[in-house]
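One structure is given below, encoded as structure tokens.
Residue numbering begins at 1 within each chain, and the chains themselves are lettered A, B and C in the order written.
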Amino acid sequence: MGNIIEINDLCVNYRTQNQEKIYALRNLKLIIKKGETVAIVGESGCGKSTLAISLINLLPENAEVSGSIKIDGKEILDKNNKELQNVRGEKIGMIFQEPGASLNPIFSIKEQIEETIKFHKKISDKKILKDMSINLLREVGIKDAERIYESFPHQLSGGLQQRVMIAIALSLSPEILIADEPTTSLDVTVQAQIIELLNKLKKQRNLTTILITHDLHLALELSKRIIVIYAGEVVEDGYIKSEKDAEHPYTKALFEIIPDVIKKRKKFKIIKGELPDMKKIYERCNFSDRCNFVHEKCREISLELVRADKNYVRCLFPLKGRKK
Amino acid sequence: MKKMIWTGGIILVFFLCLAIFAPFISSYDYKEQNINLRLQPPSSKHIFGTDEFGRDVFARMLYGARVSISVGFLAIAIATLIGVSYGAISGYYGGLIDNIMMRIVDIILTIPVLFLILMLIVYLGPSISNIIIIIGLTSWTDIARIVRAEVLKIKNFAFVDAAKLIGLPKKIIIFKYIILNISGPILVYIVFGISGAILTESGLSFLGLGVQPPFPSWGNILTAGKDYIHTAWWLVLFPGIFIFLTVFSLNILGEGLRDFFNPKLKRE
Amino acid sequence: MKKILEINNLKKNFRTERIFFGSNKIIKAVDDVFFSINSGEICALVGESGSGKTTIARCIAGLETFDSGSILFKGTPLIFKTKEERRKIQYIFQDTYNSLNPRMRIDDTISEPIKYHFEIKGQKLNEEVNKLLKKVGLNESFRKKFPHELSGGQRQRIVIARALSLKPELIIADEPVSNLDVSIQAQILQLFLELNIKDKITFLFITHDLRIVYNLADYVIVMKDGKIVEQGQTQKIYSKPQSDYTQNLLYSIPASPFKN
């Protein structure tokens, strides 16, 4: 299978009002194969959302981008806007954290789904449009699709709104689906349903799925390949099922700090310290200040992403493989 | 945004300096008449020329600035005091109190303000203090509404609940926790309000209902000049420019401050 | 064990605003709720959005009134008439961004309640503030800062310090970590545990996160649509959930071990 997304040396900086720079992504490299499911895991400010909007080239005006993003071999960073619109709808569908904020409150669900199809596919026959829309709504697991089709966003629960967003994202049959924290604003039971739906859709449609989340366990539910981002850099990339597979100390720590529900501990393991200042670039391991396995050398040189045991890891002393 | 604040601020400070240091800037007295020198065009001796009584227009403009600007500031000081307390009480207590207080505002807003002012002045007589009080008493409704809206928003913030949990008295909660946090929008209103009040005062004086001669105000200098508009252009041009620049500076300062306090434009 | 809080028949309805001629809708936010908390325990109130858990918490803290029922604090109804009564129940908020007055320095934020309740001044006040900061894992350098200069985790620590300054006996923590990053969450949760064990503070911990509850709480109350679905000792609820809803919640935990 070929590569559908190739990202090379992607750097994104944001200029702040005080003329400072926030280095959101730093020399990011990432290759995603066609049909693959990938979960990108990281804490807030680590650059995971920046990565998502870079893929559809929707970065805000104060962003500076360098490097390359190729989708199906075509560079998207230097395209003009018109061509991009095709990439956005027809190649990539995207869903966001707040379904309520992504839907336009003054239009019915019907209008919002059909608008996309009309614009891109140049279909104007009302009957066909309706059939397509209702089928989409059924596909995303909405049972009374006919009623939802006529309703307005505020009449729907968060879970239904997110399903509608997924239907809109799929309306142009994209090859790639990016889900940026799709369940963060939803209740746990609804979250489970949405993840189940995404799991079903990716198989049925053979979608290349990119899940962006802060929740490592949620990532495990959907994806075998996990990419952990810390301070704008990929720190671990590989097939991870549990704590045992983690090769980077940060990944291991992420597993440890999330409380277990099998053995009651009455003590929380912690990662000490705060998240790094994204306005600074250091020539060293960004996690070294918080790492339990830190070595003097970690603070002296910056690292590349290299293979440790099975995974690619940005660490001088990975937990597996490359032992001295 | 910063440019607007700076430009507006500098022009405003310039006019404030003219008003404050009037006696040091011009050696002429604003009411000293000299019939021999009536309606002189601008010259090196009288840089803005002289009026129909031979008074130095520049001196009158400087002292007029004192009157116009202080009317603006003091009238809005009154309006702010009333409006902030009214809006804060209405918004903080909410419910029935809020409903009654806001309906009163609605009723006041149905009265055409200019006619109310004109009537009151005719009744009370035009004097500087009356004008200040009347403008102040008629222009607090806007700020009351702004403050109420902001209070409604802020009073649900967790830090206000936190103050209640400490058990702090309502007075402290309203001032330290709520009003202090809406000082931005209040300041913006004050700036726009002053500009409006200066315009109202100029208008009233122009109609002869404002500041009475021989006291100068930009409005009545303009009125006096309108009879000579064909022969003595300087009598209308300079007060016009002064009013324009002051109001303009206040307005762009207000715009700039509004952007400055708008959290959406501030985000990184 | 002694009961610190008893809640009987608590009811609270909300009425939706009527628009033109539509009828008022009554929403039963809290519907006949009974529970009690033992002194020194951590009690978790679990439920999804709209389950009424925050409303109960706000009623207990006196931030909201209730329609009927009673809330007893150490056997007497809460009316918040005295300063003493006021300070004994404190609240930690979910919204880390708005829980501190943006115009007040941290110093003022923490010392204000101390000054108001204990009439301590000068050097003693100074020491007290430093002690509180240390307790929540911060140092003196934070005193001069304003809230916007702090990270979410640091802000939440300050909120905890402010609550502790009043020497409360019961702290209600309403989703205190759900706005924080996972690596910061664990730090704050550990802090709660320490306060419970060392300072013997009773907690009512409101959350939707069942992973946290399992490791933190002694007692769990599960709520849905204003009603209590199930309550009991944590171990019991997790090993033998009685209601379908609790079971569903346990299944829905991401990467849930209960599924198999």
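By our rule, a residue touches a chain if its C-beta (ideal position, glycine included) is under 8 Å from a C-beta of that chain, and two chains touch if they have at least 3 such contacts.
These numbers were taken from a predicted model, which means no experiment stands behind them.
Engineer: Using the contact definition given at the top, which chains are in touch with both chain A and chain B?
Structural biologist: Joint contacts, listed by label: C.
Engineer: B-C versus A-C: which interface comes out with more C-beta contact pairs?
Structural biologist: A-C
Engineer: When the centre of a chain is set as the mean of its C-alpha atoms, what distance in Å lies between chain A and chain B?
Structural biologist: Taking the mean C-alpha position of each chain, the two centres sit 53 Å apart.
Engineer: How many angstrom lie between the CA centroids of chain B and chain C, rounded to a whole number?
Structural biologist: Each chain reduced to its C-alpha mean, chain B and chain C end up 48 Å apart.
Engineer: Could you put a whole-Å number on the gap between the CA centroids of chain A and chain C?
Structural biologist: Between these chains, centre-to-centre, one finds 32 Å.
Engineer: Please name which positions on chain B make contact with chain C in the complex.
Structural biologist: Counting only chain B, the residues touching chain C are 157-159, 161-168, 176-177, 180-181.
Engineer: How about chain C: which of its residues touch chain B in the complex?
Structural biologist: Counting only chain C, the residues touching chain B are 61-63, 80, 83, 86-87, 89-91, 93-95, 98-104, 112-113, 116-117, 159, 162-163, 166.
Engineer: Looking at the complex, which residues from chain C come into contact with chain A?
Structural biologist: Contacts found on chain C: 48-49, 151, 153-154, 181-187, 189-190, 193, 208-212, 214-216, 234-235, 238, 248-258.
Engineer: Given the complex with chain C, which residues does chain A contribute to the contact?
Structural biologist: The touching residues are 43-44, 187-192, 195, 214-218, 220-221, 253-254, 257-262, 264-272, 274-275, 290.
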